[in-house]
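Please go over the structures that come below.
Paired with chain B in one complex and with chain C in the other, chain A is shared by the two complexes that follow.
So, the complex of A and B:
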């Protein structure tokens, strides 16, 4: 493996696990991670608690920078890839640096999803899926008292809980079809609505946003049907979509994510995709699936690395799990319909 | 948390406008109310491809030295900036051009060379300059704009500085440069607005009122002009040339005479000639020039004629590394003359003292009728600080020459033996005070003489005179609160700042460490130095030369062998290097 340069794009649970596996199994190879994030691999499920101040920054990060350095993994933070040239086997970074690779694992994860009707208000919506987005929330919260929560993914419920501890006024626009990646059934929808109301959240149901206007640095006026509310911060919680726009010219097969087989191979020799950005073919279901969850991402990251080095391990469907967020139980599985 | 002390480096190659950008940054930050200390490092070749680095430290309190680590690296040329990455502080900000004109191979960007903790901010510097209608080297202004945006500074502190910089080049050039600056500012704000780095602390308004941002060289020139310098003779040499350039411009405006000479021997010869005629005269040079001046300085000693020589030390020997700093001319300054030729050697330690000590040097030279060598170094000559300089006063211009009494008219003994060693000095043209001066040993009326008795008497007189000058030389300054110290540092010249910062840090940790600053190199205050040494278990003398030249000079005053920290890196001594050595020594003491 001496002389090999393996590049991993993304430093989430899947990317970092892939890099550490490569390092372990190919000790002489050069292993680099390119990540747009400035911080390390973070426990994203702890971000709401970090926002509430109950978890420290140190606890948020699973792996320290020193861990990468000690293992000889070159971690390039704050750097983005703008193209992958599969014929030349090189990636082009945003700052025009070309990196040749002998093996590539794409683990860019997802980016916050903003539904089409709301895209026009994108600049006024604040997702909370990464550490950098959380720090923006922290800064904003210093000056605002009221927050409008849009969407309804799992993070939104945890963030709402965190915001309540900060004694903020919360409006929650709960739409039956907004919950992602699952769809609510009527029972769950009612239960979530009831729980939120009990906690002092003003739940707005069955309504649609007509306009959002920023009237000052810290106040937005939101018109919802005939109702008008003012909110200092508008959170967008519509889940994640694979962040693979930079691959459109690469020749890799892209649907919503990167299409890979059950071995996580893109079909191009030495190029694998894993984690939230991969749409994985499931031979039993005869369809492509996408995964969520840290545990699953790690497993897939390891698997991509093993297979890149010549292994032939197949992905497996994980068992169903239940999310329990503050008494609200959400049935899901590690494999969820996209 | 707001940052209250940051070190910024701008790095590029010759022609990138690195030094110019550093100058603008320092000036604007000073206007904004920050304390500034800055230093440029550039290649020795006049033109070519070499690394240029301008290093600036901004803070609220007066800065003593540079910090060991760099908080912000602005790369104007990535291939030159790689070498600076080992000096980056944790979580340092790295601002670089993320849209170079061509793609680069792996490792061709600074982004490949920084650690994961670095905060990279890519800004299309060249593109912004080109879009603003300038050539690519306008990228330095775009970088400044980006820096201002990242740290949430007020761009209005910068625009007037840029205008002032280009005022002689016309409105169009000013407008273009402001446009590039604004483009860098706006582009960065748009791209990184929400992610901008921690804001700097807000400086106190009008904090720097009355202060000027000035280099050691400029402070020397200003001090000499304020002291009524009448003649300047010089020959260009790095790092002393800026003094000559200022004199060429300013001295004639004040009624003085400036003359560019053919070499250093001619320069010192003219200084001695001018002083002989009763004029206040000086020159400035560096090590190689000082070597050439050796015989003429001895002539000044023998003829007892004032002369002030600035020796801006640089890395030697010979041509050495002209643009790098060193404190390795101490021996040459003190002992570098044939025969016994005592002279006064004085060493300022910061920019303010450059001003104060040149005034003092001119006065001492007159009063003691002797060459005075003021030892500075490249670091001190080139570094800029915002300082409050004393108001120009008649005291500075005071004629310090001790003239003969009228009663001596007609029977004037130019080299009369006196208790102080100072023989009242007449100047040519004073009626009734005819005398001759010669490099030959002489009688008290200046006539050549070679008898043992006269030579011994005159030698003794000349030495006595110089030793008596100790009364007028700045005394050592002590920085300690303890009576007994485990370790005492003794430092001189530009190394004092770093040593003092190291000492204060050690004291903060509860260590029994003190420091003595020695501004008078020759003659030196041996009693004061001995007293300090006697209170210290160990003595450490950090200096920028190979053998420890101050240690060689004063080490005998200590009852034990003095310890040395000698560096010849060409760069200023680092606070961390001194602290590490201090801790090593203390660990051995406490074993």
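So, the complex of A and C:
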């Protein structure tokens, strides 16, 4: 392994786990993580609690920068990759640096999904999927009392819970785009609606946004069908989509995510994809699936590293935690309490 | 017309591009003059360095029309377009935009490609429609040509034939001309008045149009052969491909193209609440979006491959999704289920296999992954082929690619009939090429010739900050509900002047060629230090292709090995910073344009033999 340079793109739970596994199993190799984030790897499922003030910043971050240094993993933060040249086995960074690799693990995760009909409003919508987005929410919450929640993904319910502890007025708009990554069904819809109402949330059902106007720094006027409401902050919670657009011209197979087999191999020797950005065909499931959630991400990160080093471990799926969305199965282990 | 102002002789100019590196004496010759070249190396230069024009099947001079629009010269911008592609208003709405895929602004780290297509539409929208055509028709050459099919290929061919002095009659089986533009694309994407206006410009050249005439029924090909000097078949592809699976004859199953023809003929069929569309091209998307307007509640487009393999534009995918259409990848239909009427479709999951000779990855069904989706309407948009014509009891199947000639005497083929289904811009380009071949065969003369035109110029007023202007997106009807009210409201409402000009600023104007005069360069390297991209290089060796065009540069980091400081025009983003910083003013700018002109018309003008061109 001496002389090898393994590059991991992404420093989320999957990417960092992959890097640490590579370091452990290939002690002589050079291991680099390249991430466009400036912060370290954080427990994203704790972000709502951080917002509520019940989790400290220190506890939010899973790995300290010192841990990377101690393990001899080169962590490059704030750097984006714009392309991967699979024939030359190089990655191109946006500041024009070219880095050769002998093995590559792509773990870029997802980016907040905004359904196409709502994209026109995107400048006025605030997702909450990363530490930097959470800090924006924190600042906004100092001056606003009411929040309109759009969507209904797994994070949205945890954020609603956090906002209730902060005694904010919450409007929650439920429609068929809610419940990502679960498919819309009336039973689930009724159950969530009832629970939200019990907690004091004003639920707006079966409606569509017509317009959003920012009338002051801290007030947006939202026209929903025939009614108008004013909210200080509009949260967008429609889940994540794999952030793989930069790979479209690379020659890797891209669909929703990067297409890989059950070993997480892209089919190109020495190039693996893992975590939220990997779209996996699994023979046992007879379908494609994308895995989300910290626990799954870590398991897949480890597995990609093991297989890059010559292992032949298959991904495991628990059928109970698989949900179907847009014809793609989604594996989640953290659809939990509200 | 540029060529009219300068006397030139084709093939007389040697190596004007990079002449300085090879023949320094040429520099003086070029100063203050226009040079026109037909040297292959200069064509190669344009291909390598002006990627958008290279990508356009009709070789539209894209930087020139964008610059004209930026200067508010809307008529000029429209005319530059029309010279190459004949239908700027139409194409500005529905072109497949191969140019944008290769736009330098879309290269890694440079952002999004320029919205070339919608700038074209802006030129068409803003032009003075009353200004009249500037086209010159050559004197009648006493030849008659019948064109069968008034689609984009047939109309483009008729246009060029008419300009060349040929008497043209178009025979069209539908009630209206336009072919796939009129009957394959819904009105909410392409308003009918736009088609009609641009077809009228062709008919105004003296072209006769006979609609409602199906060749083989009201008139035979043999009769046409006798009456005309040549017959051009441009009837396109209207025969839908079937999937040949169980259940295809059930009620509620439509062929995509037939469905669209009915929609475009105001005979729209009734669709169910849950519609599945199988297919990955523009027809599939048009069917899906039309079905939504026919009150389907749920529409899903099912793909055998991935969304990234779609051939439609990103805009089209976005608009479809915005309207609520689901796109579902990696699935292959196995059978259609139901009793008399469709109830569902059984699919199997697919994976992408090895890459075939056509460059596409094979589709491999994954056995055991079958699943059923309920549906009450299925639209199969799996491509189409030509309805073959007969002549003397023989089917006309193919033609020589170079000559467009079928084996039957006096019969030529073009457009989709010749190649199979392509895009409007490809059909237009083919129609024009066929017209040129036919007039050459009939008259023995050459008409259209390509040349590379070079002219010294100064740097533009482009500013570096313009490189960071975000791509201006086409505005649309505000709400989805308003869009879906009917089949005719145009969804894309068009740029106003301000965003159109803003978008045009984003174009790098790749037809500008930047070059360092090595005799005057003092090797200060200021330009290299200032360049925003690695486009100015210390070069040990210049590697040319077999025609002499620069293909690549062998760089060096050691000053003792430097033989030239070269601007790599493949990397250059034409910001002009190097010219502004150069202390000895040794960087020149040349406008290099690939143009196609009707040389017969020019010769006629020069010789003053009957052409009334000024």
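The working rule: the second predicted complex is superposed on the first by the 314 of 338 C-alpha atoms of A that agree within 3 Å, B and C clash if a C-alpha of one lies under 4 Å from a C-alpha of the other, contacts with A are read in each partner's own complex, and residues count from 1 in each chain.
In this text, contacts are C-beta pairs under 8 Å (C-beta built on N, C-alpha and C of every residue); 3 or more make two chains touch, one makes a residue touch a chain.
Remember, predicted model here, so these are calculated numbers, not experimental data.
Q: Return first, second, both or neither, reflecting whether A:248 touches chain B, chain C, both chains, or no partner chain.
A: second
Q: Which partner does A:102 reach: the first (chain B), the second (chain C), both, or neither?
A: neither
Q: One more residue to check, A:38. First (chain B), second (chain C), both or neither?
A: In the superposed model, A:38 contacts chain B only, not chain C.
Q: In the overlay, answer first, second, both or neither for which of chain B and chain C A:265 touches.
A: neither
Q: Of the two partner chains, chain B (first) and chain C (second), which one does A:94 touch, if any: first, second, both, or neither?
A: Both chain B and chain C are touched by A:94.
Q: Go through the superposed model and pick first if A:210 touches only chain B, second if only chain C, both, or neither.
A: A:210 contacts chain C only, not chain B.
Q: Return first, second, both or neither, reflecting whether A:69 touches chain B, chain C, both chains, or no partner chain.
A: Touch partner of A:69: chain B, not chain C.
Q: What is the contact status of A:77 with respect to chain B (first) and chain C (second): first, second, both, or neither?
A: A:77: touches chain B, not chain C.
Q: Where on chain A do chain B and chain C both make contact?
A: 92, 94, 96
Q: For chain A, which residues are in contact with chain C within the complex?
A: Of all residues in chain A, those touching chain C are 82-83, 92, 94, 96, 115-117, 119, 210, 248-249, 253-256, 259, 281, 283, 286-288, 326-327.
Q: Touching chain B in the complex: which residues of chain A?
A: Its residues touching chain B are 38, 40, 65, 68-69, 75-79, 92-100, 132, 136, 139.
Q: If you look only at chain C, which of its residues touch chain A in the complex?
A: 108-109, 306-308, 318, 321-324, 326-331, 349, 351-352, 361, 366, 368-369, 371, 479-480, 533-534
Q: Mind listing the chain B positions that touch chain A in their complex?
A: 96-100, 102-109, 111-112, 115-122, 194-195
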